[in-house]
Each structure stands twice: as structure tokens, then as C-alpha cells.
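Input: structures, listed below.
Below are two complexes that have chain A in common, paired first with chain B and then with chain C.
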Partner chain A sequence: MTSFRSILSRTLQIFSGLKLATACFIVLFILTWLGTLEQVDHGLYQTTKKYFSSENFLVLPEINGKMIPLPLPSAYWVSVVLFINLLIGGVIRARKGWKKVGVLMSHCGMLFLLVGGFITHHFSERGNMQVWEGETSNVAKHYFNYVIEITELVAGEIKEIHVIDHEYLEVLKPDQHQFFKLEQLPFDLEVAGYQKNSVARQAINRAPRFGERIVDGFYLEQEDSELEAETNIAGCYARLVEKDSTKGELFILWGGSAYMQPKVQKTIQHGERTFLVDLVKERWVLPNKIKLNDMKAEFYPGTINPKTFESRVTRTQEGVSEDVLIKMNQPMRRDGFTYFQAQWGPQGSDGTGKLFSVFEIVKNPADQWPKYALYVSGVGLSIHFALMLGAFIMNQFKRRNV
Partner chain B sequence: MCGSIGKSMWRLGVIIIGIVSLCSCKKREEVIAINQTRQKSTIDVATTTEATSLERFRGKKAASLQKALPVAPPHPEHWKPQAATQFRLLNFATERGVEIYLSQVRGGVEGNFDRWMKQFGQTALTPEQFSGLPKLSFMDHEGRLLEVTGPFAGGMGKTPIKDAALIGAGVVIGADTWTMKMIGPREAVLAEKDSFIQFVSLLKKNS
Partner chain C sequence: MSKIKRGRVIAVWLMIALIFGVILIVGRSLMPAKVVATLENYEPWETQVVEAFSQLPMQEGGRIKLFESWANQQMLSFSGKRKSKVSNGEGEEITVRPTEWMLDIHFRPELAKQFPSFRVENAEVLEMVGLDHKKARDYYSYNELEAKLDRISELKKELEELQKNPEIELNTVQKQALALSGNLAWFESYLSYFDFAKLRADNEKSGLAWSSIILTAPKIRAAINQRAPNAPLGREELLIGRLVQEASNAARYGWPVMPPTQEGQEAWETAGARLWEVFTTGKNDLVQTSKIFNQLEEIYLHRDASGEKLVPLIKAYHDTLNKEQTVAAKASNLSAEKSYLKGQWFYRALGYCFIPGTLLVVLSWLSPATRWSRVLNLVTWGLSGIGLILCVTGIILRMVITERPPVGNLFETIPFITAAIVLIALLMELMTRRGLAIGLAPIAGFAGLVLARLYELEEGGDSLEPLRAVLASNFWLTYHVLTITLGYAAGILAGFIGIAYLGNRHLGIAEDDPKILRSLTRMNYGVICFTLLLSLIGTILGGIWANDSWGRFWGWDPKENGALMIVLWNLIILHSRIGGAIKEWGFHMLSVAGMAVVVFSWWHVNMLGTGLHSYGFTEGAHIIWFFYGLIGLVLLLSSYAKMLEKK
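Showing the complex of A and B:
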């Protein structure tokens, strides 16, 4: 019993200590520095995922393509430890009193910042919406996640859209098969050879090098992940499976098809019924519609490098419309969604002719929390400094009077 | 006493790491039932015709053009073939960051050359300058060759290059304008100039 208490007391002592807080800050600094170096070779997405996500417990850094045999805890878990440390040491076990109110506030601000980071990591969603001038959109596409969408075509109209989520696809290795039971459809789907980044090659142009399977003159060639992971194009082989387990013909689904104009989709005839199957970036339908009225870009003289660009949009929700100007660094925040002006096009345009705007859409319950956390910490530190200064002046005053 | 606490702490650490490792192992299910659906959006417009693999992976325009695609001569070994797209009917890249591709475009040869000049921060060609450009055989027709160097401004999806070069050929055949373009870091592009001109000159129109 005494031993258990000693362990508990020792654990509390370690977890609430300033040494642990210092160690956490140093490790976070090292991770950020190593991550910044590594993202040059591996891109921002892969590196952020490696160093900062909860998926990895330990990280082996790489510099110039060489692995450093120094396992470091990932920033997520260091932040968890730092949170516990701040909570126990800075709030629960800290001395209380009006003199400590500033320090307590700044600790709370930092805890708030870490909670904000946790919520952003687990609950935020990011996507982008591309709208041409004069057109309307209510959908955001995810930057990275690919899903399979299956829908029935009835009299030229799309019916309910069935979605095989990215979490089932991205865990698949190229040599694995996965059977998806589509409960609301008259067939099931088998997916194989899923690749996170691939090229649909025409066998007539280049024969498969690694024995890839050719289907209808094409095969999928695996590519290394791009530095800008949002440009990865997923691909897979798929086949219909009847409810009596009869297997249909193999076909290729490739994410690049989504960029073809006019739009092209894999069509499947099932008896009298027609279905469309697509491998596309995950889409989420927004609660409002955005119509792009005007897109303006200002350029640096003599170049096609934009100095600034802005979009005049009409946002419509439940029959109510409002005109909003979205600019670089001046996003629109509505209903928990933030619309940032991200890009514009088409490529090579000098700003004349019909243009499109790309908005980055972020759904983050903790969107403004870092700002509020900094306010709380800032006010807390200001109070603490003011109290310290007051105490110092009082002491000086007393000394002189003595 | 201290030693025993140290040992216990060590054990506690091992147990925590063990639990974390076990939690991260997830077995893949053999059959996954799918019930997820999503609402229809403004971009969910159905295609009316059945698309072939060629149309799905190259686009309808490229698929129809493929029949009329020029017969390409053997390309230099270090030109690595890239996936063709609807805008890049033949597509190569080199390890030194040079992109080489054939396109069927709109706007005539002069219009496209002007656009390329602008991307390098230069003014459009005057009719005299255009007619003074070197000529070359391009798909059995007389084409023009443009060479521009300087800072490439980049654009949507393209990284700016401080010291870049572009060598491009253009030809009008009937109602179609064809261009073959090579762009990248100046030294790397200029090193490919002879190979590029030879490749373009040997492109034959598909009979």
C-alpha cells in the first residue's frame, strides 16, 4: 500500500514537474525543426502526418533521405504529456491565490490551446470548392481522401449516392482484396490492387513492367506519393459480385477520370438498370449554395503572378441570400464553415475571360480557439506582470520609507 | 526503496507502451457492409453515354484525337514517358525537371507563342518578329520554332522558375493547331534543344 502510494506520489511529482514541461518543449522544438527539414523531401502532408498525428507513437527522423536512428515521440503524444503536465502542475497542484491569478490564467490559456489543437486534429475537415463565374456550388471536395461512389441512373437522373468510405480503401495494400457488401444495391463490389497514387497507363504505349494486370487496354502503374499529397491520384481494380456470388468482369477505377471534360464515368449495366461507379475525392455537401458573381485578380506589373485576388459571391441558405466579398486573408465564416480564398484559374490566364475561384473550406469546431487561447494567456501574463510590477514598486516604496 | 520504485515505474512504462501498441493493431474485416450514402450536390450531374476506358482515362477529346495522333519517332532514352492527359497527348519529362509535351490547342500558333512570351514576362511578338522565327518540319507541314529564356512566372499548379527556358514548335494543319513544347530550367532545356528539334521534325501525321 505504502509502495503504491509512493509510486503514485512519484508519478504525480514527475508528471507535474517543470523538468517534464521543459523536456516536452525541447522535444516539440526538435520535432518541428526536423519536420521542417524532412518536408523538403517528403512534402508537407506526409511529414505532418508522420510527426504530428496520433497514428504514430514514435518517429524516426530522416535528413537528406538518411534515417537517423533516434526514435522520438510524436508531437501529438508529447502534447498529451504536456497537457497532463500543465493540468496537474500548473492548475491542480499549483499554489492558488490572487497573486497567482495571472499565472493560472496563462496556464489555462495554454491548456485551451492544446485542447483546440486536439479538437482540430480529430474533428476538423478540410476541402476545396471550385466555382466558375456565374455558376453555383454547394459541395466541397476533400484534399486527400478518395472514396468509391455508386449511384443508379434513372431516366438520366442520379439517384441516391452510395459511398465506400476512404477509411476502408486507404488501409488496402496493392496485393489485397476487399469485399464490400452493398446492402441497398442489387450487387456487391470487390476491390483489389488499391494504390494511393497511380497512373492509368495504356498498354499499347508502355508494356507493364511488374506484371500489372491489363484491363481493356489499360493497367494501373503504382507511383511514389507526390510531395504535394493532394495531387496523388488513387486507382484500383474492381468487379461487381452478384448476390449469388457470381463475379462480373474486372474494370479499372482511376481518380484521374474526375478531371476529364466532358465528364466521364464508369457505367455498369445490371439487367435493365444502369449504375455509375466512380473513384473520386470525398465530397461533402454544404448547408448553403455559393454563386460566384465575379472573380478579380490583380497582378504584379509585367507578370502573371497575382498580387491579390478576390471573389464576390452570393451565399444562399434556406431561400435567404447575401452578397459577400471573400479575399485573401479575409475569409467568410458561416455556420461553422470557413471559406478561404485559395486559388483561381484557369491556369495561365491573365485575369480576363471566364475565371474560376477555388475556396478552401474548413469545418473546425475549434476554429477560433487558438486566438482566444492567446488572448487568455496574454491577459494572464499581463496581469501577472502588472502584479509583479506593483509588488516591486510597493517594496521599493516601503524600503525608502524605512 | 528507490530501486523498487524505479523498477515499478519501468514496468508501468512497458505496460503503457504495450497497451498503446495493442490498441493500434486493427484486424481488417473480410466483408464490409456499406450503408453510407450522401446527399446529391450541384456537381452530381449524370453522364448520358457509356464511356470507354480510353475516354475515362484520357478524356473524350483525347480519345477521339488518339486516332489522329501523330506517329511518334523513338524518343531519347532519358525522356521518361508520362501519363498522357487531354492537354498532353504525348508527354515526357526528364530527371533535370524538363517537361516536353504535344498538345492540340486553340488560338493559332501566334496566339500560343504570345501566351508563352507573357508567361516569361515578355511582350507579344510583332508580325515581323513572328515571321522571322526559324521554320521546321512539324507533322509534314511547315511549323515555327520559338525560344524564350528568362524567369518563368509559373501559374496555377506550376512552380515559377527563376532561370527558365522554353523551346516550342507550332503548326496549323487544317483547322487544328498543334504545339510541341519543352519547358524547364534554362541549362537543362537548352541541352535538349537538338533532340527536341529532331523529335518534332520526325513526327508524322497519322494517315
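Showing the complex of A and C:
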């Protein structure tokens, strides 16, 4: 029992110690530095995923494209350790007293900030919505995630959409086959050759260079991931598998099919029923309908420097409408969703003619937490340093009088 | 010589070498170029003429500014200078400032072509087009480059083609070649700008001039429009068409002399653009346009006349512009800009206050804690105070001109940070009265304003340009940008104090007073605490702004990461100190290294070419590496000295 207590006490001592806090800061500092430099070669998305997400426990840094054989813990897990350290050492076991109230407050603020970061990392959703002037939308598209949508059509109208989620797709390797059992549909689906970034080419225009398989005159050419990962276009080969295991013909699904003629998507006639299979960015339906009434883009006179761009929208929810102005630095926050003015178009427009607006849509339960954390820690640090400064000045004053 | 005395002498010589090294490197920009050309019979412009032209308002780069401001910008980007000297062949040296240089190009093109307007940074640029060159880096006139204009133009096309390939990045020489070809094209536009006024000069008797032809534009347009469909243009129509095209092409680019006359139009136009519009769209107020053309023609016709004749003509044009709504609304901004340009506040703060102040500080090291050093400190205090006032005046005038908080772009961070460090150092001296912090004030002022000067030279352009949409928030510019920038200032000051500590400790500059090292440590501890406070609050405020602008609090963008690194570094310093992992020496070593972290965040991340905060400043890498090298050297020497101490 004594030894258990002593182990527990020792563990607590380590986890609440200043040495561990300092070590966490040092590792975080190095990771942040390396994670900044690596963005030049690998872009923000890949680097962030590598250094700062929970997916990796250890990371191997690269400088100028060369791997450094120095495994470092990822920032996410270092932050978890720091959180524990701060909670135990910085709050629970910290010396209390009015002189320490500032430090305690700042530690609490930081804990709150870390929790907010954790919630944002795991529970926030982001997407974008493009709406033309005069049109209405309530659908946001994810920036990165691709899903396979199997849409049942009845007389040309959408009856039901079945989705194979991105988390099942993005783990697939190009040489891997994956069978998806679709309980509610009269067939299953087999997916192969999934590529995170690809180009669907017509073989008639350019023959495959690496023996890629041609299907219906098209083949998928693998591309390196773009530095701006949201421009990656996923692609894969797929085939229907009947419930009796009979396999159908291969077809290509490609994320950029909307921009291609003829379209690379598959219409399936199964008995009396019609289905459309497509690989698209994940979509989510919002509780609000947004109608873009007017998009205003202004430039500084005689230049192409944007002065302002703003959207006047009508938001409708459950039959109740309101007019809202959304512009840079002035988002619309409603029902847990925030709508930001992100872009506008069409590209090359001088702000006249029919325009569209792109809103970034974010659902983040911890949206305003950093603000609260700032209030707490800012006040705490100010109290602490003001006390120290006061003591310093008094000391100087006394010394001079002596 | 005792160890202490030897240390002091070494410190003094090191510092003097550094100061003069910097002055030597930067001096080329701080002082006018030596005489590089002889322009036979060059007559300087009369002061009153220059004054009248320099005060003319114009709209360029999205804001209403003074002609002088525009000319400054142009001369800086062509030659990296704000003034130059020529000889008139009779042994007289004449200083040519931007307004005069621009007037020469517009009104005395043959002289301007002989003027060494183009700085060629690297002789390889000229080798690329097969031109003989002088020194590796030199100034060339248009006439000297004229022989290879075609080749330069071809090279420009080739390089622009190369640039389209995202996988190819142009090297420095290629970029300089591209910049030179761009400058040549602009220069040619300016040379031909007043060609439209030649019509009147050549037909003084008949009175034929564009100012009068403009009034007939509706009739000319109607005549052309009335012809039968698909009927070919007649001889007169073709002739007038050709004349309009030639005149408008010659004045298509350059000085925007025409305020808007159309309803809803905000942008000013060049004479050429307006001429073309008048004959093709007919939407402009012809009477007003004709009036301005007439005034410009009058100025051109009397370009060689005395100031008494010419100045009233310039003022008449100025009066016309003053009545324009866009100019009237910005009268106070223009007045502030005039004071800003005339005052050269940062330049004067550097030359009159911080450089002499730094030299006095260095001299005071020779005999610390004596009456002599106290007198020097007092003078340094005064000089630094005046330098601070000059610096702050410059910053306030910029705020009036731009109608925004003091920091809105990378250039503005420099004088702001400099002023903040000087102010904090002076306040610290007031509080401590130990003659320590006062030494830092002029050195920081000197370093900061030299950096400001270098930045202007590297970047050129208009540092008063209006803010882009995403930054256009005075609330956030005040709270986030100022806080984070003050955090940079505090971080740099901590580094300076660290250097002062290491210098005192190893070179024994002020070892006569044993309390001095402890005092420096206390001082630095306070500064580090403030660096943490300001950086932390600034970083979180930045996150909150990002959350309102881009929909996320944190995006691991390089600039955000840089700010976080400053916070983490200061946390490392404070926690290591509290935990006993470092003592005084380590504390100051880390604070010196912290300067490199601040510089990485402040400057280096902008050069990575990635992220949302990229300001496009990419050409000053050598300065940053020099700075890192200097910090590395300080740390290395200090470590070596510490090793010797142990032995």
C-alpha cells in the first residue's frame, strides 16, 4: 500500500512538475517551428495533419524535403500531457493565496483554451456554401472529405440518398479492394484503386502511361496531393455486386465529374429502380435556408485591391425570415452555425453583373471559448504582473529613499 | 591594462565597428548617390515650380496622394534612391529629388534619358541582354540601355512565360531583369506622356489642340455612327481615329491627371485613357475634361518659362482638382502627407538623435559610473527623447493620412516597434535610474530605423496604401495588431537587455558596480513577463479575429505559429527560471535567443510564401540571416567566455 502510495505520489509529482511543463513547451516549440517550415513543401493541410492532429503519435520531421531521423511526439499528445500537468500542477496542487490568484486565473484560462481546442478538433464541422444572387441554398459542402453517394431517382426526382462515408474511403490504398455491404439497397458496392488526388482522362486524348485501367474510355491518373488540399480531387474504380455475389462491370467514379463532359458518373438501372452513383464532397443540410439578395464587391478606385465584399441575405428557418448582412469580419451566428463571407465570384469579375457568394459554414460548440479563455487568463496575467511591477517600483522607491 | 579595462575597450571597438559597418552598408541609401553623370547645361527647376508640382493631388494605388509622394515611390523603385546628384558640366553639382526627376522625364525627356535613373543590382542582368556593363552594381541611363531595348523586351516575354510554370521559380537575376524591363516600360510611358500637348505646341497659330478637339467628340462619333452599316471608314475618319489612338496610347499609363467626371465613377484616369473614353463612349463631362486638358497643355507650353509664369498655371490646375469631391474630402490627409514628406521624421530621428546617441552610449562605456558618463547619459536621454518625439510624430502623421491605427502593414511595424522600445527603455531608466536602460534606447532606435530604411529600399511601393478588405477593421487593428506588435517590441528589448548583461558580465564594462548584473536581470525578468503577457493576449486576440474573419480560431498558419512560438519561448524562459533549470546567465542567453524567435515571427514567416498573412516581402532574406548570424555569434562568444570563467 505504501509503495503504491509512493508510486502514485511520485507519478503525481512528475505530472505536476515544472520540469514536465517546460519539456512540453520545448517540444511544442520545436513542433510548431518544424510544422511551419514544412508547410512550404507539403502545404498546410498535410503538415497540420502530420504535426498537430491526434492521428499520429510520433512524427518524423522533414527539412527541405529531407527526413530527419528524430521522432517527436505529435503536438496533440503533448498538449494532452500539458493539460494534465497544468490541471494537477498549475491548479489543483498549486500554492493558493491572494498573491497567486493571477497565476491561478491564467492557468484556468489556459486549461479552458486547451479544452476548447480539443472540442474544436473533434466536434467542429466546416464546409462552404455557394449561392448565386437571387438563389437559395441550405446545403454546405465539406472542404476535404469525399463520399460515395448512391441516389435513388423516381421520375427524375431524388427519392433517397445513401452515403458511403469518407472515413471508410480515405483509409483505402490505391491497390486495395473494399467491399461495402449496403443493407437497404438491392446491391452492394466494391471499390478499388481509390486515389486521394487524381485526374480522369479520356484515353482517346492521352493514352495511359503507367498501365492504368481504361473503363468506358476513361482512366484515372494518380496525382500528388496539392499543397492546398481542398483542391484535391478523389477518384476510384467501382462495381456493383449483386446480393448473390454476381459482380457487375467496372465503372469510374471521380470527384471532378461535375466539371467534365461527358460526366464520369454512373446511372444504374436495377430492375424497375434507377440509381445514380457519384463520388462527391460530403454535403450536409443546414437548418437555415439562405437566399442571397445582393452581393457587393468593391475595390479601391483604380486598383484590383478589394476594399470590401459583403452579402445581403435572407435567412429562413421554420417559416420565419430575417434579413442579415454578412461581410468580412462580421459573420452571422445562428443556432450553433456560423456563416462567414469567404469568397465571391465569378473569377475575374469586376463586381458587376450577376455574382455569387461563397460562405464558410462552421459548426463549432467551442466557437467563443477562446474569447472567454482570454478574459480569464488576460485578467489573471495582468493582475500577476501588475503586482510584480508594483513590488518592483516600491522596492526601487525604498532603495532610493534609503 | 586590467581585465576590466581591456573588456571595455573591446566592447567599445566592437560596437563602433558594428555601427560604422551598418552605416557603411546602409549609407548608400542614407546619402545621395555620388555624381554618376554629367548632364551638359542641366538647369535645376525653380524651387517654387517644384513646390507647386509636388503639392498637386492625384489618385493612385487606391488613395488620394501628393505628386511628390508618387514621384518618391517611382524614384525609389527605379533607382533605390530618394535623391541623386548630377553635374552640369561646369563643375556644379545639382541635387535632383524625386519631383524634379519626374518633371524632367515629363517635360525634358531628352535630358531625362541621360539621367542615370536605373539601378542595376547585378551586372549579370546586362550580360543576359548582351550589354557592356560598368561595375557589378551601378546606375544606367535610358540612353545607355536603349541599344538593347528589343532584347530586353524579348527577355521579359521569355521570363513571363517561365513564370507561368508554377514549378519554376525565377532566380534573383531573372527577377531583377524582369523588374528592369518593367521600369523601362514605365519610363517610356512617362517620356511620351505629354505628347498630346505637342499638338497645341505645333499649331499655336491655328489653335488646334486636343482640349478643343475633345469638345467636338460627339459630332465626330455621330458622323462615324451615321455611316451605312459595313461601309468603310472615310479618309478623315481614319485619320482622326489614328490620331486619337496615337495620343491616347502615348498617355495611357502613368500620372492619373483626370479626376472622374462620370456619375458613380471613383477612379481617376490618365490623359490617354480619358481621351480614348471621350471618343469611344462619350460618357464624360466634355467641358470639364476639355478644361483640364487645356490647363495641362498650358503647363506643357510654358514648361521652360520662369516660375512666375509657370506656377500660376500649375495652381490653376491645382484649384480645379481641389474642387473635386474626392480631393476636398481628403484635404486634411493631404496636408498631413505634406508634413510627413517635408519632415522626414524617421530619417531625422535616426540621423540627428539615434546615431549620435548610440555613439555617446559607446563613449560612456569607457568610463562608467563617473561624472563624465553621467553627463553623457543625460545627453543621450535628451537625444533619445527627441528621437522618440520625432518618431511618434511620423507615426501620428501616418495615422492621419491613412485614417487607421498606427500599424496596418509590415513597414509600419518597424517605426512603431522602434518607438515602443525607446519609450519602454526611457521609462525603465526613469524607474531604475541606474544608467542602464538609457543605453538601450538609442541603440534600439538606431537599429530599428536603419531597418525601416532598408525595408523601404527593398520593397519600394507605397507604404501608405489602403488596407485590404480582410484587414479593414480598426477595432482589430487596434487591439490585436498593436498588442502583438508591442509583444515583439518587448521581446526585442529583452534580447537587448540580455546582450547588455552578457557584455557587462564578460567584458566587465560596468563591473565597478557589483549590483549592476542583478539589476539587469530584474529588469529583464519584468520585460520577459510583459513579452509573455502581450504576446499571449495578442495571439489569442488574433485567433478571435481569425474566428470572425475565416471561421476558425487557429489554423496553424505560419504567422499564427510564429506568435505561438514567442509565447512558448517566453513560457520556457519563465518556467525554466522558476524551476531552477537556468540561472542568471542562462536566463539572459535565452532572452537573446528570443530575439531570433521574434524575428522569425515578425519577418521570416512572411518569406515562406505560404499562409494567409504573407505580405510578399521576400527580398530581404540576407538581412535576416545576417541578424541570426549576429545572435548566434553573441551566444557562441558568451558560451566560450562562460567556459573560460569556469576554468
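The rule is short, and it goes like this: the second predicted complex is superposed on the first by the 361 of 402 C-alpha atoms of A that agree within 3 Å, B and C clash if a C-alpha of one lies under 4 Å from a C-alpha of the other, contacts with A are read in each partner's own complex, and residues count from 1 in each chain.
The criterion applied here is as follows: contacts are C-beta pairs under 8 Å (C-beta built on N, C-alpha and C of every residue); 3 or more make two chains touch, one makes a residue touch a chain.
None of these values were measured; they are calculated from a predicted model.
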Three-chain arrangement built on chain A, chain B and chain C clash or fit
clash
So, A:3: does it touch chain B (first), chain C (second), both, or neither?
first
Using the superposition on chain A described above, determine whether A:360 touches chain B (first), chain C (second), both, or neither.
second
Have a look at where A:193 lands relative to chain B and chain C in the superposition and call it first, second, both or neither.
neither
Is A:25 touching anything from chain B or chain C once the two structures are fitted on A? First, second, both or neither.
second
Who does A:329 touch here: chain B (first), chain C (second), both, or neither?
second
May I ask you to decide whether A:165 touches chain B, chain C, both, or neither, giving the answer as first, second, both or neither?
first
Under the stated touch criterion, which partner chain does A:256 make contact with: chain B (first), chain C (second), both, or neither?
first
Intersection of chain A residues contacting chain B with those contacting chain C?
302-303, 305
If we count contacts the way the header does, which residues on chain A are in touch with chain C in the complex?
17-19, 21-22, 25-26, 28-29, 32-33, 35-37, 39-40, 43-44, 47-48, 51-52, 113, 116-117, 120, 126, 227, 299-303, 305-309, 328-331, 338, 340, 342, 360-362, 367, 370-371, 373-374, 377-378, 381-382, 385, 388-389, 392-393, 396, 400
Touching residues on chain A, where the partner in the complex is chain B
3, 6-7, 10-11, 55, 57, 136-139, 149, 151, 153, 156-158, 160-165, 168, 171, 176, 178-184, 199-202, 205-206, 215-218, 251-252, 254, 256-257, 259-267, 269, 276, 283-285, 289, 302-305, 343-350
Residue ranges of chain C in contact with chain A within the complex:
59-63, 256, 266-268, 431-433, 465-466, 468-470, 472-473, 476, 522, 526, 529-530, 532-533, 536-537, 540-541, 543-545, 547-558, 561-562, 564-565, 568-569, 571-572, 575-576, 578-579, 581, 600, 605, 608-611
Where on chain B does chain A make contact in their complex?
1, 4-5, 8-9, 12, 17, 20-21, 24, 28, 30-61, 81-86, 115, 118-119, 121, 153-158, 160
